[in-house]
Amino acid sequence: MCVGIPFKLIERHNEEGIGELDGVQRKLALQLVPGAQVGDYLLVHAGCALQIIDQTAAMETLEAFRAISDEIR
Amino acid sequence: MRFVDEFRSPALAALLSARLQRLAGQPLTVMEFCGTHTMAIARYGLRTVLPPRFRLISGPGCPVCVTPPGYIDAAADLSRNKAVIVATFGDMLRIPGTEGSLLQARSAGRDIRIVYSPLDAVRLAQDNPCKHIVFLGVGFEATAPVIGLTILEAARLGLNNYSVFSALKLVTPVLHLLTAGRKLQGLLCPGHIAVVTGLAPFRLAAEQANLPAVVAGFELLDILQAFIILDRLAEQGRPELINQYPRVVRAEGNAAARAVLRRVFYPEASWWRGLGRIAQAGLAIRKEYCRYDAGKIFGLPAITDTETAGCYCSDILTGRKTPPECVLFKTKCTPEQPQGACMVSGEGACSAYYRYG
Amino acid sequence: METISLEHGSGGLLTARLVQDLVYQYFDNEYLLEAHDSACLPAPAGRLAFTTDSYVVNPLFFPGGNIGKLAVCGTVNDLSMSGARPLYLSCGLIIEAGLPASTLEAVLAAMAEAAREAGVFIVTGDTKVVESGAADKLFIHTAGIGEVAPQTDISGKKALPGDIVIASGSLGDHGLAILLKRHHLQLSSAVRSDCQPLNGLVQSMLEACPDIRVLRDPTRGGAATALNEIAGQSQVGIELYEEQVPVGREVRAACEVLGLDPLYLANEGKLLAVVPAAAAAAIVAVMRSHPAGLDGAVIGRIINQPPGRVFMRTLTGGRRIVDMMTGDPLPRIC
Amino acid sequence: METISLEHGSGGLLTARLVQDLVYQYFDNEYLLEAHDSACLPAPAGRLAFTTDSYVVNPLFFPGGNIGKLAVCGTVNDLSMSGARPLYLSCGLIIEAGLPASTLEAVLAAMAEAAREAGVFIVTGDTKVVESGAADKLFIHTAGIGEVAPQTDISGKKALPGDIVIASGSLGDHGLAILLKRHHLQLSSAVRSDCQPLNGLVQSMLEACPDIRVLRDPTRGGAATALNEIAGQSQVGIELYEEQVPVGREVRAACEVLGLDPLYLANEGKLLAVVPAAAAAAIVAVMRSHPAGLDGAVIGRIINQPPGRVFMRTLTGGRRIVDMMTGDPLPRIC
Amino acid sequence: MRFVDEFRSPALAALLSARLQRLAGQPLTVMEFCGTHTMAIARYGLRTVLPPRFRLISGPGCPVCVTPPGYIDAAADLSRNKAVIVATFGDMLRIPGTEGSLLQARSAGRDIRIVYSPLDAVRLAQDNPCKHIVFLGVGFEATAPVIGLTILEAARLGLNNYSVFSALKLVTPVLHLLTAGRKLQGLLCPGHIAVVTGLAPFRLAAEQANLPAVVAGFELLDILQAFIILDRLAEQGRPELINQYPRVVRAEGNAAARAVLRRVFYPEASWWRGLGRIAQAGLAIRKEYCRYDAGKIFGLPAITDTETAGCYCSDILTGRKTPPECVLFKTKCTPEQPQGACMVSGEGACSAYYRYG
Amino acid sequence: MCVGIPFKLIERHNEEGIGELDGVQRKLALQLVPGAQVGDYLLVHAGCALQIIDQTAAMETLEAFRAISDEIR
């Protein structure tokens, strides 16, 4: 329903920031992610960050993939 | 970690799909509510990878394809006004109204601009003080807060030349309509809606339908894993909701985003192309912000749906039919001349079937 | 002459001045300077290749090039795609009154430079000026003549099952560079148009393998459309391998952000080739040693069935249809 | 397809349909139907002539022709003016979105008919559609290839004192027909554009006299400008005889009313020739027996001094300078 | 008889010019007041036919070239108004204002239309009820009645979207300025002005200058005959006025035309490019018709002249110099970049010299 | 100063008429030549007839030309 892309926050000025993905940069609205800090990865939709990506959770998901695949090795 | 390629690893994908192949369970008919899932499934060719016992049926797709043609007509009419610049997502341009698309209106010389972010439309208003910018507000729970922000931003800047023509929709109140009376064994729920809403509405939908459900991400591995989880839940007879996408979906969603929604909009009945009028399934702009409401400012007509004779869209949107069952599919109805909601956007079920087979 | 006015196009004195002071300054070959109704050219050996394109790109200047460079490269490339050695170009200008003369000059300079790079002569031309509002700043029209060596026989109809599909480099750069400039999407990136002449690359490919079956430059409509055309003309199927399709890192990222598929984005300095399987490795090696083909790669193969269809073998081993494009690619957020 | 939309120019499916359903219906020769990036053509004998023009005429349709007929005749004629036998044309279309498909069709039909009349093939083409307001309905660009017989050597530099200047018929018809249509001057007349291919006429002239020195079609800028160009290129003077310059009765009358000089009005189916004095009578006789040269007449001669100047020997035996045109002719009441 | 070719017979012309050649009289310097005569003389190459003792000097030329650049500027400004269509004779388009010509304004997209008749501008107003048509009223005594008629016609039709921006001039009050203090032996007077005014003003001018004068037509034979008559009158020492052009010039002129002039306009001081302000030499629109006066409606500035440094126009307009005597002639001053009144129109003395040598 | 052309009046409707010159036709304003009749030749300037051409006077002018030329034969 909504294309959402992980941008890395490389600059923050109050409620506006600059996100970067593979050399592509874009101004981001940060009002909805008050805690975001430079270096965080943000889920961005329509130029607005909707969430801070949780690295630990992401690791766990990747682990789960590996676990499933290990099951069938 | 960059949260893209890691979730697309062909090696892991091969292993996960091998796993799906090996599991010899019951037939599993899954509805994906979300057009972005539909597109991702098509793009990765997953239909040809999944074992035949997995049957996929598509839900309402995207906010663009459920926008009634009357809305497009009203927007096209608005663009005749030389003092108006219509700003919109690119998605809206090809959707046919009853008298052509906005792309046709633009190619006839009207000032219709594509923006990536609604906030860019506010910038357009700052840069064009002698014009009035109308942003075409379409979207579901994920997009609506961003559009709400534009109104707050315009108010903060004291702009009087920016407004939103709202056809915003809420998808969570619609879920029960889509599952009611269907033979389903699982639900694939849209992760990017859940980012805002949290898990509760989807848990409710799973309970009401008494079905296993997964809130899933959109990368290749996310979707494959979601199918494995759905299969396991179905096998174990557990009509639960699992969050496959915890890296962005928190149980409680995004409270700041929902606060913006509550501040700027209120839920209202809304016409969905192919589904008709649905109570509480749209968002209207609150009276406090009526000076940013293009519908009010320009006295735009209330939008209702009209159906195209022969189009099975409502059946497809409610998962009762697949696109190839429609007699118009690929004959009278093509991406260049779409007859119904499901063909209009690249994300619509008929369009995805048409393009990716 | 600060801006171009209607008078510069009316065929009288000011037209003559425009041509002499500006055009001849950049295009200064013996054929053009004859200033006849037609250029008179030595008889080429072999058959002729003849092609034409109109260039209406907006904006006129974009990262990696401008409409002038495009107008030369595009036509040189169309000639090259027939296996021809490009020789001569014509140049027709339609100028909107009010265009700054400096803009025209920059475009002409780019044309001259691209022609020099490609080793072709701009030998005949025409200039029209239309009222302000009757055109969008500047349109350029080039036609080109090339000579085709007797042994060369390139055609969209010649792809055979078993043949290999090659791309000369990353796809989508030009289309994306233009899209980002055009729609003010506020995405910044270092993506540049790939606009370049391909005749040198093609000549070295033909030397390596005279029986290349098909060459095509995937311009408007992108690789997807070009491949569908080949599949239709040869009545074969085409299967692409997703992980082998070269797409630049930034182009891929921007496409993710904008919901676009790089296969549908235009290229202006890339080619697709269908070659006999036995020659594929040698051709790729030759390409990679040419500056215009450094990222050359096998991207797919010709299959039997179903004729006219292009498929993508995806990362999962799945398969999807790659259709022709309908309309220009537009950014999506849904 | 009732009107042409942007999608028809985006290089995808709709472009393919437009080309197949409309263009191929009218231009149906083997070369074009190959639908390659370039047309591949048999090697011509002799040297090549190569020319191009952009057609931006407004209105698109006018008495005696339309932009399509013009686009074929203009380029055929430019080839002919080099003494070449025109063989192949390219056709580039720039269409403003919203153009009725029927308009395009009428134009293409006229192009096809003119090509048939001239015996040339339209072998390659291109179609672009631009947004409404970005072009004025339709622009056409043609380039043409012809072959020049070994013995033929026509050039604007070859006029010699003593040579004779010939016009193939009445001057100013095209320019006046357009002017009357364009400015709503409310003058009605039966004046029609003279738009026609001249290659047949030129071939018969060359048969009668292979050493014709100069040929020129006096298009934009009219006969005055074309003669000034010749005088400049050959560094000779030209003297015209006023009473021998053929101008149609209605054109003359309309010029009187509007304060215009027919020598500055465009022609699209007439030529000027500079020929050796000894051959003049024979050439005029040959011309008059050809349908495109029925009113052929000697209109002047090449003189020594001053180089680059054109004079008119007037009815009184007086003499005036005939200068190049500055800007398009505009009606005057003063 | 068709009143054109009969008066251009080359055979008769040859005989008349032979006659002029044979007459071995005194040097005869003749001023032609009228640009149309200047043009005809140039076009027929008469300067090269007349024996050297005939010297021709040019008068003020045409109403277009004596229009000050400020008028062009005001008209160009007016054309910026999107509600306005400027209608004009083609003659006006190439004349430079201080910031370019109307042709340049038109090529920048302004709506400036060429009409053959001022009455076509009234028709334009009828056809474009949502636009205001301003006709650029330039002309002398022959043109002014036609422009007067458009105002009467607009009034009759009740149009409220038509007006005239008057730079109309009267040439008859200027004649004595042109002849004063000059060494002349004859005057060639403009037949088409006399059609309206009758012979009286020209008879007066001839008397004041104590010179033979001929009111002449514009065909080849008319002009040759006029020279023969002038030569004869000069030889006989008769400072009289002869009407060479009786087929259209009546002694009393055209009373109906003069009645229109009196009804719509009143004489007023006027700025002539190169000549300065001349009392009674312009026509202003009467108060009764002020709703058709574009100057009033749009508050246009009063027009005054500005001179280009180095331009000899005033000397050429007053017959004191010929164009080749100007240092700017053919160097800085060309038909494409005219510096002064005499170069701006094809009829101006410098332009005629430039084109026809 | 003013291009004036002889048109033949071929139709008249009140104050408007149609003039013809060598196949070129144009609507003419006739307010200033109240006596003009179909068949008359009119001196036309800027679409308006300024005078009816006097055929007798024209003949006399032509005669005068011939007389002058006869003088020198």
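To keep things simple, chains are lettered A, B, C, D, E and F as they appear, and every chain counts its residues starting from 1.
Throughout what follows, contacts are C-beta pairs under 8 Å (C-beta built on N, C-alpha and C of every residue); 3 or more make two chains touch, one makes a residue touch a chain.
Computed from a prediction, not measured in an experiment: that's the story for all the values here.
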Which of E-F and D-E has more C-beta contact pairs: E-F
From the options C-E, B-D or B-C, the pair that copies D-E, where over half of the contact pairs coincide: B-C
Distance from the mean Cα position of chain C to that of chain A, given in whole angstrom: 37
Chain B-chain E separation of Cα centroids, rounded to whole Å: 72
Mean-CA-position distance for chain D and chain B (Å): 57
Touching two or more other chains - residue numbers and ranges from chain D: 6-7, 13-14, 131, 133, 186-187, 256-257, 259, 326-327, 332-334
For chain A, residues contacting two or more additional chains: 1-3, 21-22, 26, 45-47
In chain B, residues with contacts to at least two other chains: 4, 35-36, 62-63, 89, 103, 116-117, 120, 139, 143, 336
For the chain C and chain B complex, residues of the former touching the latter: 183-187, 243, 256-259, 312-321, 323, 326-327, 330-334
Complex interface listing, chain B residues touching chain A: 1-4, 6-7, 12, 15-16, 18-19, 22, 33-36, 61-63, 89, 116-120, 139-140, 142-143, 145-146, 149, 171, 190-193, 195-196, 218, 221-222, 225, 228, 244-250, 254, 256-257, 260
Chain D - residues contacting chain B, complex: 5-7, 13-14, 97-98, 129, 131-133
Residues of chain E touching chain C in the complex: 103-104, 106-109, 336
Residue numbers on chain D that touch chain F, as the complex places them: 186-191, 249-250, 252-254, 256-257, 259, 332-334
